[in-house]
Amino acid sequence: MNELGTRDLIIQASYLAASVLFVLGLRSLTRPAQARLGMQQAALGMLFAVIGTLLNANILTYQWIIIGLVVGAIIGYPMAMKVQMTQMPQFIAFSHAFGAIAATLVGVVEYRVRAAGSGAEGLTHGLAAALGLEVLFGALTVTGSFMAFGKLHELITGRPITFKGQNAVNLTMMAVAFGALGMLIYNPANGAAFYTVLGLAFLLGISMVLPIGGGDMPVVISLLNSYAGLAASATGFAIGNNVLIIAGALEGAGGFILSLMMSKAMNRSFGNIIFGAFGAPPAASTGAKGEAKEPKSITPEDAAVQLAYAGSVVIVPGYGMAVAQAQHVCRELMELIEKKGGEVKYAIHPVAGRMPGHLNVILSEAGIDYGALLTDVDDANRVLATADVAIIIGANDIVNPDAEDDKSSPLYGMPIFRPWTAKVVFVIKRGKGTGFSGVENPLFTKDNTLMLYGDAKGV
Amino acid sequence: MNELGTRDLIIQASYLAASVLFVLGLRSLTRPAQARLGMQQAALGMLFAVIGTLLNANILTYQWIIIGLVVGAIIGYPMAMKVQMTQMPQFIAFSHAFGAIAATLVGVVEYRVRAAGSGAEGLTHGLAAALGLEVLFGALTVTGSFMAFGKLHELITGRPITFKGQNAVNLTMMAVAFGALGMLIYNPANGAAFYTVLGLAFLLGISMVLPIGGGDMPVVISLLNSYAGLAASATGFAIGNNVLIIAGALEGAGGFILSLMMSKAMNRSFGNIIFGAFGAPPAASTGAKGEAKEPKSITPEDAAVQLAYAGSVVIVPGYGMAVAQAQHVCRELMELIEKKGGEVKYAIHPVAGRMPGHLNVILSEAGIDYGALLTDVDDANRVLATADVAIIIGANDIVNPDAEDDKSSPLYGMPIFRPWTAKVVFVIKRGKGTGFSGVENPLFTKDNTLMLYGDAKGV
Amino acid sequence: MRIAVPRERAPRESRVALVPESVAKLVKSGATVAVETDAGLAAGFPDAQYASAGATIIPDTNALLTGADLICQVQPPSAAQAAQLPDGCALVSYWQPGGTPEALTALAGRNVRMLALERVPRITRAQSMDVLSSQATVSGYKAVLLGASALPKMLPMLTTAAGTLAPAKVFIIGAGVAGLQAIATARRLGAVVSAFDVRPAAMEQIQSLGATALKLELGGGAEGTGGYAKEQGEAQARLTQEGIAKHIAGVDLVVTTAAIPGRRAPILITEAAVRGMKTGSVIVDLAAETGGNCEFTKAGETVDVNGVQVIGPLGLPSTAAFHASQMLSRNILTFVTHITKETALNIDAADEITGAMLVQP
Amino acid sequence: MRIAVPRERAPRESRVALVPESVAKLVKSGATVAVETDAGLAAGFPDAQYASAGATIIPDTNALLTGADLICQVQPPSAAQAAQLPDGCALVSYWQPGGTPEALTALAGRNVRMLALERVPRITRAQSMDVLSSQATVSGYKAVLLGASALPKMLPMLTTAAGTLAPAKVFIIGAGVAGLQAIATARRLGAVVSAFDVRPAAMEQIQSLGATALKLELGGGAEGTGGYAKEQGEAQARLTQEGIAKHIAGVDLVVTTAAIPGRRAPILITEAAVRGMKTGSVIVDLAAETGGNCEFTKAGETVDVNGVQVIGPLGLPSTAAFHASQMLSRNILTFVTHITKETALNIDAADEITGAMLVQP
Amino acid sequence: MIQIFQLYVFILAGFVGFIIIQRVPPLLHTPLMSATNAISGISLVGAIVAAGGQYGKISTILGFVAVVCAATNVTAGFLITDRMLAMFKGQAKKAEPAKPEPAK
Amino acid sequence: MIQIFQLYVFILAGFVGFIIIQRVPPLLHTPLMSATNAISGISLVGAIVAAGGQYGKISTILGFVAVVCAATNVTAGFLITDRMLAMFKGQAKKAEPAKPEPAK
């Protein structure tokens, strides 16, 4: 057993601690309640990793390192604190580009050093492969991230930019890049091959993101995350650092699966987003701000998670709920929410449904207590104003703001519920159909309204 | 980069493949539909591992190995194929003891070889630690597994065997064992310490399992699994074999968490099972056959999973369902089963509940279709005879076989449902209360009946 | 064995002792069944159905009874009918209410064994012969319909463009078979239902139907044998009355079903209690037959007390004669099967069930 | 502004035009309200409640009407009453059924503007004044209770020791407001409900209450304006009748509510159809007032056709006078508010709602 | 260095085991128990090395016994697991575990 | 040998990432994106080595830039993540995700 020096032991221990903290931190994200603490642990892990590295015997001068760290912190801090919540995605992309620059630069430095033979070891085939992959993924991420940032921040148009033969060009570039990589591995000393990989990777990053619409950017960012992870892992292989390998692998796998999950949540195929971004731009999606005033839609899963954390919920059932005979499902929903400590009320509008008392009948069929009903429009509106979530199930006319706002509407003058005063509004209906009165409902395009299309049974 | 020989490469590749296959195999167990295929992959992984090992350059003679493999297979095959499903747990324990013997013996051989200096390397402190831990966990598992087998197979009484000062004795033995381990690490050549560890571990295995009741054996087996895994990992450290480390770690962590989950599922605290097994024996549990004719209980989760795979389900509701007002929950259950393609019928007994038509009222409140009701006792019994699962919810007298079998029973002569003709019967009730007539129900102790205690709302 | 089913002659009685379905079963088991013309008509079973079930339809009562071993009917025999019966036959019907000592003497004179349906013991085995339960089911259901029809309110809550209608409050006294069915029916109609019974076990039963159980502090249980209630002590009774009076001041519809076997029904709603109720409230007293649970109850009549209607219905099961007959007939069929042995009558006074039902002079 | 509420004098009318709650609101808004003695009694609103709501109770009709700007009542005025009204006042009440040309002349003679409640246009804004909807709600509910009471069966399915009772089959014709409420009520009681309407939109509405919609192949929709049905063609009508006849042969209770505004109700159940029904079945014809949907219907009577009862109820809302009045009063209150401007009457014939309601001679 | 890497491998593999096993549904707990038991037959690898190493008679005998035991464990373990899982086979078509929020 | 071990570490860590991320609820996808971004700042480790190694001027400059960039990434990444997660804080008390089969 080759015993290690104390210093090495400390370094390795802090690397190990960092790795474990990273894993735990990511794991904490599976439970919203512990996520924040977990990520603070991950940050601590980062600190361990940095300290461990600083102890590295190979480091001869700390001056530039310290200055670099301070400068980085000074740039990063205001960037993180000032950005608005709605701009999060683009700033993640932005910050990400920085990380990728670092990875790429490290690759370049390492290659230079090793090629010059001044490092501890010379350039083996394996090392060349690692470094080549590092700059490939790193550089691709740099330009890709900047592009994503530009699209989201509307520096570049959010619409997909496509031209004829785009795919052919991309494929050729990719082929050439991989060819150069192959040459590099075959002959590690082949500097031209190395820089070809680097340059092409920069171009690839741009050309890959160009044809993808602004709405799909979160998927792209995730994918770039994954690439950055692979770059980090490659660095780890190159400099023999486990923390890099582990963090990189976590990110690589995680980013990839996350982008798959996100595209699934947007009801789009992953391949479609990445490769098939020709033709019409996607209608609307999480991060998109492009199209004006289309109703925002949401998936049942997302809604379910948001409901799980809602304290007070008001359900506004309408004729559609009766048609779907969704009263029992609705009761289940109520029980789920109540189990989590939330409170559920039903706001029954005087003319909901198609006969007087229609919804009373329907809800009493589901055994819902009279006590949970709000039958007075004013009462209901008071409760709605303080509710976390309002769920409109198959109702339309009775929540149409035009009844208050638009004198020319046939609904004008009817007392209505004001669900939009709740923090979030979910509207569950089959499609874009109108209600009994046949008029459009501006509620559906309000900012805090999320549409959940489907039969009313579907939550 | 120190390039490896082709043979080594093959060995390492097969080890890597084995590791990945193990992980994938275990992962497949999270999805019942793929579990079998996954475990066949894991078996393939084992094959890879063995082949990889056989290629090992250090192996000089294959004769004994081949014979050993053949003999092992000959012993193992009939053992696995003949054992009845109900005896699974004890045979897992039994087979497990064999694995542990192997691990222990390997530890002993390795120690002997290294101590004699005839191996590739001498005995370092680390190696001593690894080998010490290996035999500690290995030997503990050997005797522990045999004890568990004995208890389950009723060679030893299933009841906890306790004596005064048991804890003190155990703790002392443990302390001595660890002391010896410490000495061994301090002085790797200390053969006496090594064998002390070995011997005490054997004793500890016995004394640990003695005070635990037959019903809790599955938890113990899982825990022993975990120990065996640690032993394997230790072996891996000792002989520098990754597959051993990975498989061992998987098992070690998995077995531990599984034993925690199982004790949670049995509504007992883990600590309670392992340390506090004094006083009354546990009432009943999955694998236990100890206590004669105690009803078998089951957790809602287990029941839920079994239901998820049932094709035809008959629910027999009784007065208890009305008391618990569980009709809506019951409807949800029905919908869940139907979504999976199962079929649900309700068997309404003429005198179920406390008034004529009581259950009709209750079920119609939940909006259950008249078409799903079986109101004729004979019809219902025909359907029950071919059903996969019968769920008795808060009913008692109407499913009491005494009404048919026992002339002296006050129920004798009443037509009853025969749920026990279904493949499995779940009985949901709050406890061991009797029904209206106040008589005991022998149904509850039938072999295919599983009790699910709790308020009827609890599935 | 020859079984005769006469047409019921009592006023307000529309049921029939055996429906065609049961007749068919008896015929299949080897009995001969004779049915008087139009015996089932009032209950919705025309003669044609009996004929196709295998019964002989006989217009003449005398011809019907001649040679009968067993006579099944609903109402107890009058002295006159009793005297007409064939010697040594057996008669299955209700005995109370309505059976007179004269009729009993007449029966004895003809050597007729009288088996009283209402005396089926309340043991598990005899549940399928229990006419009290089966008919009380109908009564409980109909009582609520009667009350709901008489009430100037609707039972369910309705939110309409013309305001929200509060659900009606319904209170059921006595949670026996009829009371529980009344609870269920009122609940179905959307009313807010509460109920009261002296038996502690009834509490849970009331809740098992989704109603709230009214709890009065009285002290001491009241469950007798066989599920019947026993009479309350003086003080307890007063406390009960007061508790009920307080509760029904806010109630719209009261259905009372409290009975103690073999005695006058307990007075649970006093004059003062009725006067304390809102105008327009309704009381349906199912105990009218045995004196009523309300001081104002007049059997067969509706009394208006300051705008509160007190309804004392009689013969409710006959108002749903079809289903009532169907269940009654099933009960009688099971009992007849119980007292037949290889197609012959076999009345065993030592049998737990038969013995309890024999009416001894 | 002075509002007068006379006591209703028509037979079978127990409703009142304004209930104390509405009176209180009117008083609060600045009006003076005079209520005739015992005007609300039949509906369950004693004078004391009106008094505490701020109304003056006036025993004398003349005194009541003197100086009234607005008179609110339920039934249309007789010619005699019309002649009694103060000059230039306005009257809010039903006009049809019951309004006569003589009365109209008399009203014109006194310069009284007659506002007919049943003419509220069926537009979204006027929903809270729509008395047809609010009263039809009561009728639909009561019709089922009436039918269920008359039926010799119980509506729900019951599994009992005395056999399983099959649930009754109920069929509703016309799925308007009353029809839908009837569907809901029958469903609540546990019946198996089917329904039919000529309007295609009604299909979905029927299903939205958990009932099955009867589909007849007729061709062509039948929705008129304002949600009312238009009359069917000859051939269509025959096909409908035949389809219904076939369906009701297996039905226990039929409730018909089909109406076409301003015309005699369509005959949907022919003589043959009734004769094809089972003994003991019941038909409740809510269209009795306008001639009935069944050939046998006699308004206000129950006809027995071979054991099938055909009930032609009149004035059903009055049988739930409390809730019916409450909704009616809300409708009237909203309308009164609509035609008042700063405490003064402001009847604007050009207004979409008011204009439609004015009865011109 | 090797030991460090071994430690990493051990910890990461432990993590994997931990996370995976946590998600196994209770229905499969018994098969899982059996499966981990089967995998614990991996000591066969050690046993083979011991038996084939020719480190002397005793070692070889012990190694041989170890091989027999471990092989028994592997064979029996995998076969039992397979038998258990075969019981789910017929039902496997219906696939996919329960989802909390049905979307019909 | 080292490379083999690195490969093991890489594969196992990938597994861990895969399994963990799969279970992150959609609600936390955006924070997760941010979190992986923050962790990708791990290239800081490489950057430090490069910057501190004194492999020549150009290398040092490139290394310095790399340190700045990576430090920016780390700082911004973790802070943004933290800010996002802080929004869930108020609700955190109600904790625990949905269970399919309630047992009340």
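So that you can tell them apart, the chains are marked A, B, C, D, E and F in the order they are listed, and the count of residues begins at 1 in each.
Convention: a residue touches a chain if its C-beta (ideal position, glycine included) is under 8 Å from a C-beta of that chain, and two chains touch if they have at least 3 such contacts.
All values reported here derive from a predicted model rather than from experimental measurement.
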Quiz item: If you walk touching chains, what's the least steps from chain B to chain E?
Solution: 1
Exercise. Would you pick out the chains that touch chain D and also touch chain F?
Key: A, B
Quiz item: Farthest from chain C in C-alpha centre terms, which chain would that be?
Solution: F
Self-check item: Chain whose average C-alpha position is farthest from chain D's own
Solution: E
Practice problem: Take the average of all CA coordinates in chain B, do the same for chain C, and state the distance between these two points in whole angstrom. | Solution: 57
Self-check item: Between chain B and chain F, centroid-to-centroid distance (C-alpha), Å
Solution: 37
Practice problem: Find the geometric centre of each of chain C and chain F from their Cα atoms only, then give the gap between the two centres in Å, rounded to an integer. | Solution: 77
Quiz item: Hey, how far is the Cα centre of chain C from the one of chain E, in Å?
Solution: 69
Quiz item: Going by the touch rule set out above, which residues of chain D reach two or more other chains?
Solution: 127-128, 133-134, 137, 156, 158, 160-163, 165, 188, 190, 210
Quiz item: Considering chain E alone, which of its residues make contact with at least two other chains?
Solution: 1-3, 5-6, 8-9, 11-13, 15-16, 19-20, 23, 98, 100-102, 104
Self-check item: Junction residues of chain B - those touching two or more other chains
Solution: 1, 19, 23, 27, 126, 242, 246, 301, 304, 325, 335, 350-351, 356-357, 361, 364-365, 367
Self-check item: Every chain pair in contact, whichever chains are involved
Solution: A-B, A-C, A-D, A-E, A-F, B-C, B-D, B-E, B-F, C-D, E-F
Practice problem: Using the touch rule from the top, collect the residues of chain C that touch chain A in their complex. | Solution: 156-165, 167, 190, 192, 210
Quiz item: For chain B, which residues count as touching chain C in their complex?
Solution: 319, 322-323, 325, 350-351, 353-358, 361-362, 364-365, 397, 410-414, 436-437
Exercise. Note which residues of chain F are touching chain E in the complex, please.
Key: 1-2, 5-6, 8-9, 12-13, 15-16, 19-20, 23, 98-101
Exercise. Would you tell me which residues of chain C are touching chain B in their complex?
Key: 123-125, 127-128, 133-134, 137, 177, 180-181, 184, 187-188, 204-205, 207-210
Quiz item: Which bits of chain E are touching chain A when the two form their complex?
Solution: 1-5, 7-8, 11-12, 15, 19, 100-104
